[in-house]
Amino acid sequence: MTNLVTYEDASEEVRTVYDDIKRARKIDRVSNFWMAIANHPPTLRRTWESLKEIMADGALDIRIKEMIYLAISINNGCEYCRASHGASARKAGMTEEMFGELMAVVAMANETNKLAEGYGVPVDDALA
Amino acid sequence: MTNLVTYEDASEEVRTVYDDIKRARKIDRVSNFWMAIANHPPTLRRTWESLKEIMADGALDIRIKEMIYLAISINNGCEYCRASHGASARKAGMTEEMFGELMAVVAMANETNKLAEGYGVPVDDALA
Amino acid sequence: MTNLVTYEDASEEVRTVYDDIKRARKIDRVSNFWMAIANHPPTLRRTWESLKEIMADGALDIRIKEMIYLAISINNGCEYCRASHGASARKAGMTEEMFGELMAVVAMANETNKLAEGYGVPVDDALA
Amino acid sequence: MTNLVTYEDASEEVRTVYDDIKRARKIDRVSNFWMAIANHPPTLRRTWESLKEIMADGALDIRIKEMIYLAISINNGCEYCRASHGASARKAGMTEEMFGELMAVVAMANETNKLAEGYGVPVDDALA
Amino acid sequence: MTNLVTYEDASEEVRTVYDDIKRARKIDRVSNFWMAIANHPPTLRRTWESLKEIMADGALDIRIKEMIYLAISINNGCEYCRASHGASARKAGMTEEMFGELMAVVAMANETNKLAEGYGVPVDDALA
Amino acid sequence: MTNLVTYEDASEEVRTVYDDIKRARKIDRVSNFWMAIANHPPTLRRTWESLKEIMADGALDIRIKEMIYLAISINNGCEYCRASHGASARKAGMTEEMFGELMAVVAMANETNKLAEGYGVPVDDALA
């Protein structure tokens, strides 16, 4: 049902973004995510510019950033994002052992988050 | 309103866990979280044993694990967990610059997760 | 796996609600949502009565209401509701340009919500 | 605990953004949200630029956009965002009657979203 | 900041609902929740009628219903609802031991829900 | 895409857990969930041990526990968990009438949770 804007059907404005994505990511074809949000060109441009800026090596290297991105996507139950950032994280060096530990942390955090909420734990004076 | 089980009021079973936490964490007093879930001793024991096992250096070092834990806690809106794991992550070496980048990734992931859901983006063949 | 209660198999109580939905919505057949919750007739009746009352023109017109309904359904990751209220919103006059802007707002809100939570921003005195 | 970057302590980069916010919003002092995310200047700049672009009249007017922003903030349980966008929405013309209807829609959407998930309702053929 | 509609300031329409709540719950004063949603009288009336119908003994007794209500409220991070339904559940017979077990289940469910999502577990043929 | 670890391919460590699950649950084959998390053996072992301990009769009987587990899984939108714990709850004695009432409570809780958040209801003095 989702309309995907192919390169052929894209306006100049959209093609410029597609070209930049393909160059930066060294790929031949942009993924479905970009072709979907291209239905609203300002969202395509803004999202790509933000992502390009954020997902670069900085104080945190790209592997860690992709793992955090994946952890949040799983936490939000976004199936597309899990598939997409799972692939990106593996490409950036995440091993299956690392993924196993990431999942253990994500699951444990959800467990203790609910315990803290359920028991209404007050923040420790030392942390306030 | 929350009843916190102090060391003085704790049963032997609870004290044993408190002692192990204090030894492992090199602290004098367990934090409010442990004193709250101690109202149900099996939950205290099981949660501590799981946390001790998961939050150790492995394929991922403890700093990365604490940052993922913090990211999830923020994502879940758990105020206590944000305070507590913010402190743990900083203790494990997270700088303010790293935290700034972590937050940028968490916020961006939430933005694109919703775009992917809203546009109903189908998973790319290459990722399926 | 879900049992859908068809008009043929429905009790009088359920048929009465189906008839009212068909009349109000000017449709020949109630959608799967109603046929699923008809497994619990009191839920069917109560949900329809509430929806009929809420989703009428008031201080907000039906187009705005359907757009808010759609925004929440996307935010909650409910695939059925996204499909269903996406159709209702378009029927009530939402254009693709409007949907593009709605999605930009939903995505942006999720981004800044997480930033506010992660930085633990205190409510401004002027807003308290 | 949150460090708020005041105008006095801000770098030139941060002050430039603060000045633009004050001009655009016709206010004397930026709100706590901006002073908190100013701890990471690239996030401050990017967030403001995105918000300025998105929260302008377009196919949807600013009142509707602020109401959708508020609805999502409430749905996400973000207290700061509820206070802040509640004020913005009222400033943009949302009456208390409109807010009452907005809340009725938000609450109803959450109720039916869960019913759809719980009964595992398949998407109607007509919507697929 | 929230305007609470007291009995003195309430319209006849609102007072009628307040009276019914007080009678049904055998209390002298309705709780803040009702006084807050009374700002939108149709929401007050509809919510009370629904709650009265749902929260009665049926195939499930009221104690189990209140425990499920509490579990969901904790899961959603709603502080008011946790306080309010924690009190109702205890009044309906939930002991502290039962609450401890309820929390263990809630926390465990959150842990395994995330594991299932993260590993993208396909539904077993026997369950499909 | 998900790799499921079959009994044939499993290590001794994993087989030991599988055998214990099969014995405890009186089944011939462990479900996909266990075969998926077996990709990280410590997670398999820890999750099974926790689940075995928590999901036993206690102050709450197993039927109530499975219903709470199901309610949370639906609330979290976890499709696998809904299918799996829906089956477990029915096996433990949940009738369709009970499921209908469970869903009514879950849906109602979500509705009132959002109303309480949206109106920013302060906790009653009597509950604080």
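Note that the chains take the letters A, B, C, D, E and F in the order they are written out, and that residue 1 is the start of every chain.
One rule holds for everything that comes next: contacts are C-beta pairs under 8 Å (C-beta built on N, C-alpha and C of every residue); 3 or more make two chains touch, one makes a residue touch a chain.
Values in this document were obtained by computation on a predicted structure and should not be read as measured data.
Participant: Could you tell me which chains are in contact with chain D and with chain F alike?
Facilitator: A chain counts here if it touches both chain D and chain F, which gives A, B, C, E.
Participant: Compute the centre of every chain as the mean of its C-alpha atoms, then state which one is farthest from the centre of chain B.
Facilitator: C
Participant: Look at all chain centres (mean of CA atoms) and spot the one farthest from the centre of chain F.
Facilitator: D
Participant: If you average the CA atoms of chain C and of chain D, how many Å lie between those two points?
Facilitator: Taking the average C-alpha coordinate of chain C and of chain D, the gap between them is 21 Å.
Participant: Could you work out how far the Cα centre of chain D sits from that of chain E, in whole Å?
Facilitator: The mean C-alpha positions of chain D and chain E differ by 27 Å.
Participant: What are the residues of chain B that contact at least two other chains?
Facilitator: Only 1, 37, 39, 42-43, 46-47, 50, 75-79, 83, 97, 100-101, 103-104, 106-108, 110-113, 115, 117, 119-120, 127-128 qualify.
Participant: Taking chains as nodes and touches as edges, what kind of graph is this: line, ring, star, complete or other?
Facilitator: complete
Participant: Chain A touches which residues of chain C in the complex?
Facilitator: The touching residues are 77, 83, 96-97, 99-101, 103-104, 107.
Participant: In their complex, what parts of chain D are in touch with chain A?
Facilitator: Of all residues in chain D, those touching chain A are 1, 42, 46, 50, 53, 127-128.
Participant: Which of the residues in chain C end up touching chain D in this complex?
Facilitator: 1-2, 31-33, 36-37, 39, 43, 47, 50-51, 54-55, 58-60, 64-65, 67-69, 71-73, 75-76, 78-81, 83-85, 87, 95, 97-98, 100-102, 104-106, 108-113, 115-117, 119-124, 127-128
Participant: Applying the document's contact rule, which stretches of chain C touch chain F when the two form their complex?
Facilitator: So the residues of chain C in touch with chain F come to 1, 37, 39-40, 42-43, 46-47, 76-78.
Participant: Which chain A residues qualify as touching chain E in the complex?
Facilitator: The touching residues are 74-75, 77, 79, 82-83, 103, 106-108, 110-115, 117-120.
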